[in-house]
Amino acid sequence: MIFDPSRRLFAEGLGTLLLVCTVVGSGIMADTLSADDAVSLLGNTIPTGAILVVLITLLGPISGAHFNPVVTLVFALRREISVTLGLAYIAVQVAGGILGSLLAHAMFDLPVVQVSQKLRSGQGQWLAEIVATFGLVATILIALRVKDEAIPVLVGLYITAAYWFTASTSFANPAVAIARGFSDTFAGIRPLDVPAFIAAEVIGAAIALAVTGWLLRPKSDGEPEQAE
Amino acid sequence: MIFDPSRRLFAEGLGTLLLVCTVVGSGIMADTLSADDAVSLLGNTIPTGAILVVLITLLGPISGAHFNPVVTLVFALRREISVTLGLAYIAVQVAGGILGSLLAHAMFDLPVVQVSQKLRSGQGQWLAEIVATFGLVATILIALRVKDEAIPVLVGLYITAAYWFTASTSFANPAVAIARGFSDTFAGIRPLDVPAFIAAEVIGAAIALAVTGWLLRPKSDGEPEQAE
Amino acid sequence: MIFDPSRRLFAEGLGTLLLVCTVVGSGIMADTLSADDAVSLLGNTIPTGAILVVLITLLGPISGAHFNPVVTLVFALRREISVTLGLAYIAVQVAGGILGSLLAHAMFDLPVVQVSQKLRSGQGQWLAEIVATFGLVATILIALRVKDEAIPVLVGLYITAAYWFTASTSFANPAVAIARGFSDTFAGIRPLDVPAFIAAEVIGAAIALAVTGWLLRPKSDGEPEQAE
Amino acid sequence: MIFDPSRRLFAEGLGTLLLVCTVVGSGIMADTLSADDAVSLLGNTIPTGAILVVLITLLGPISGAHFNPVVTLVFALRREISVTLGLAYIAVQVAGGILGSLLAHAMFDLPVVQVSQKLRSGQGQWLAEIVATFGLVATILIALRVKDEAIPVLVGLYITAAYWFTASTSFANPAVAIARGFSDTFAGIRPLDVPAFIAAEVIGAAIALAVTGWLLRPKSDGEPEQAE
């Protein structure tokens, strides 16, 4: 099946909306119900991992299920999406993400439009975002070569792990970072801290592109290769 | 394999019974054991997601594994089940669901017949049920097109997420809502609040039917199409 | 591959040993680490579900991976295992299970041989064991017809749910019940209470055999059927 | 695809780095956020199981995804990897593991180089490491015969269980044990206690090699066999 651009853009917007709605909404639910922050993070992690598997499986065949500007950027650099469509993807991802925050607030009877006060900054956080995004993009690029039908599960499990092993809880996504800037809840981030997160995410993606580009060439550079 | 109506109806009733028994029973167990409501919700979520995968995998080949009147309604509108059989499905779903509540109470040595006092009402809750049911029905309808063998896992994971990201903990099912009205425990809902939940669920299902109807037409409306 | 009886019996014994060692050991670990009994039950549930998937996948091709006398009994009634070999299966399941309890104690520096003092009795508990074993045996028998390659995952997920929705935490297995009688820890059961559990488990299995026998005949009884 | 030694070694080093980074990083996150040690262990277990599935799926086709000196040793004894390459594997596993600890510390703004003070010793712990490594190596060796495409999931689930049912939380990996010696956090181990852990792991692997060698010969020893 090949879908026209309007449906592909709708799928990107809807997917990012539901992803952010899950991240923000489960954060509100978990934080409200528990006095233990690790329990809250479990209640935030498990839904996020689960919804990623669902959304990528369902919308992947329509739009590719990027839901993430750095993923779209990587595919544009690999010339697998045009620059024009890629920019449109990024626009609907950001818009969809913000709507996802607002929808979560509306469901939980909170002020719909919020600005986060949650400080997320410092070298450790930035290093964490580089690592988190390196891992996410490397997962996608290696899986495309070795087991592409497993991408939904692999991304869901990767983010499940990265919520815990990275100090930033792994945003790894500029659209999600911007959208979480609009939520003064468990999952929020001060808008002031978003640009550095985005920069770190772009760096992590670039490293993943370079490393996997080298790693996935099966034959040694020293050997003569046939033209492919 | 094709199963006769009596077996299909039995499968719908048994499946809804075990689904509600899991929702109510795990809620009782979790709430009894923990002082932390997020831990209780984890102990309610994980069993519900797990049993959905089991029940849909096993009973799907027999009855389609709807276990949910709005799902049956959607299939009736798509003319994939007759109105007569559809009404019978809904009747056994409701009856099975109520029996599931009673069975859970009996196992936990509680009064078998109960009426819930738990208030679940307000705009946020109703919006949450619209969102929850939209997501559930959209998951099923898109998966039927792009990966139908994954439906049991996708529904299990979707509900796992929706327990946390929707403010209502995602009933998304009129039979389950009615059955939970008969349980004055963690998973209960005041009978007075059930009709609005059902209305919201029907609205969510209708939106999902409309949106996926448009989304899943691969070619643009503007282009000439061949007869299919 | 066909394996000789000594290897099949070894697989049954080893599998039941590791299953009980996981149930008892994770119960000790979880109970020691947490003051919240629902957290302890999560720490008992997740390992049990996980190891079931592993053990059934690995040892199923060798012995059928029963690890459970009522499962062996059901297969003997279906004439899929001889009475002699079935009795030997049950003997090694019980012996393996007991060794699993002892091994868990040894790892956690507890007295190796123990007798449980934990009361588990009453009508609710017995009803729970009937329901739990009905569900387990029905899962296996239906899956054998509709999706046998999914049995390891389905059993793992079913037990994950049944730990929470049944009041007894779902022993559903006479060998495991006997073995847990030898452990005065989180997962223990007074030996005095074991016989009633076993009786309930046999009743649950018998109901599952009868119900699925009727349910899985695709054509209506009223219609003439071709010889198969 | 066949990959040259430099890429295989890079994959082993990167995989072990990310594995240890997940074990140590999620331990820090979980321990910081929670006052309940079982919640912390859940927050340590779920990410570890998840990342194992991801890393083995992605890097298995490149290097075999050992990430573990005893696994490499077993494959060397089975002559499936040369001694020279095997020693190089072990070297990059150890180096990658240590870097993984350091990276976790850097992300969490802790002193990058640390020496653990956490006592992990005694007969129970050593027995636990024998059991844990026996189970891990047996899982791999049996799965190679009966369902090799499931190895990533089986190893992830096995370790998920073993974190809880073994008293040592299942290191089961000399490279990981050494790397955890460099972390004075939740997942740490006193360097003084590492050699006994490694000895226990080698014993567990040897038992697994012997037991599965016998178990997986389909025909009885007493019967005449055809040359294969």
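Chains here go by letter, A, B, C and D, matching the order in which they are written, and residues are numbered from 1 within each.
Assume a contact is a pair of C-beta atoms (placed from the backbone, for glycine too) under 8 Å apart; a residue touches a chain by one contact, two chains touch by 3 or more.
Everything numeric here is computed off the predicted structure, so don't read it as measured data.
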Each chain counted as touching chain B and chain C at once: none
CA centroid of chain A to CA centroid of chain B, Å: 28
Inter-chain centre distance, chain B versus chain D - centres from mean C-alpha coordinates, in Å: 40
For chain D, residues that touch 2 or more chains besides their own: 36, 39-40, 42, 46
Every chain pair in contact, whichever chains are involved: A-B, A-D, B-C, C-D
Residues on chain A engaged by chain D in the complex (per definition of touch): 36-42, 45-46, 49, 122-124, 127-128, 131, 135, 138-139, 142-143, 146-147, 150, 153-154, 157-158, 160-169, 214-215, 217-220
Chain D residues within the chain A interface of the complex: 1-4, 6-7, 10-11, 18, 21-22, 24-26, 29-30, 33-36, 39-40, 42-44, 46-48, 50-51, 53-54, 57-62, 103-104, 106-109
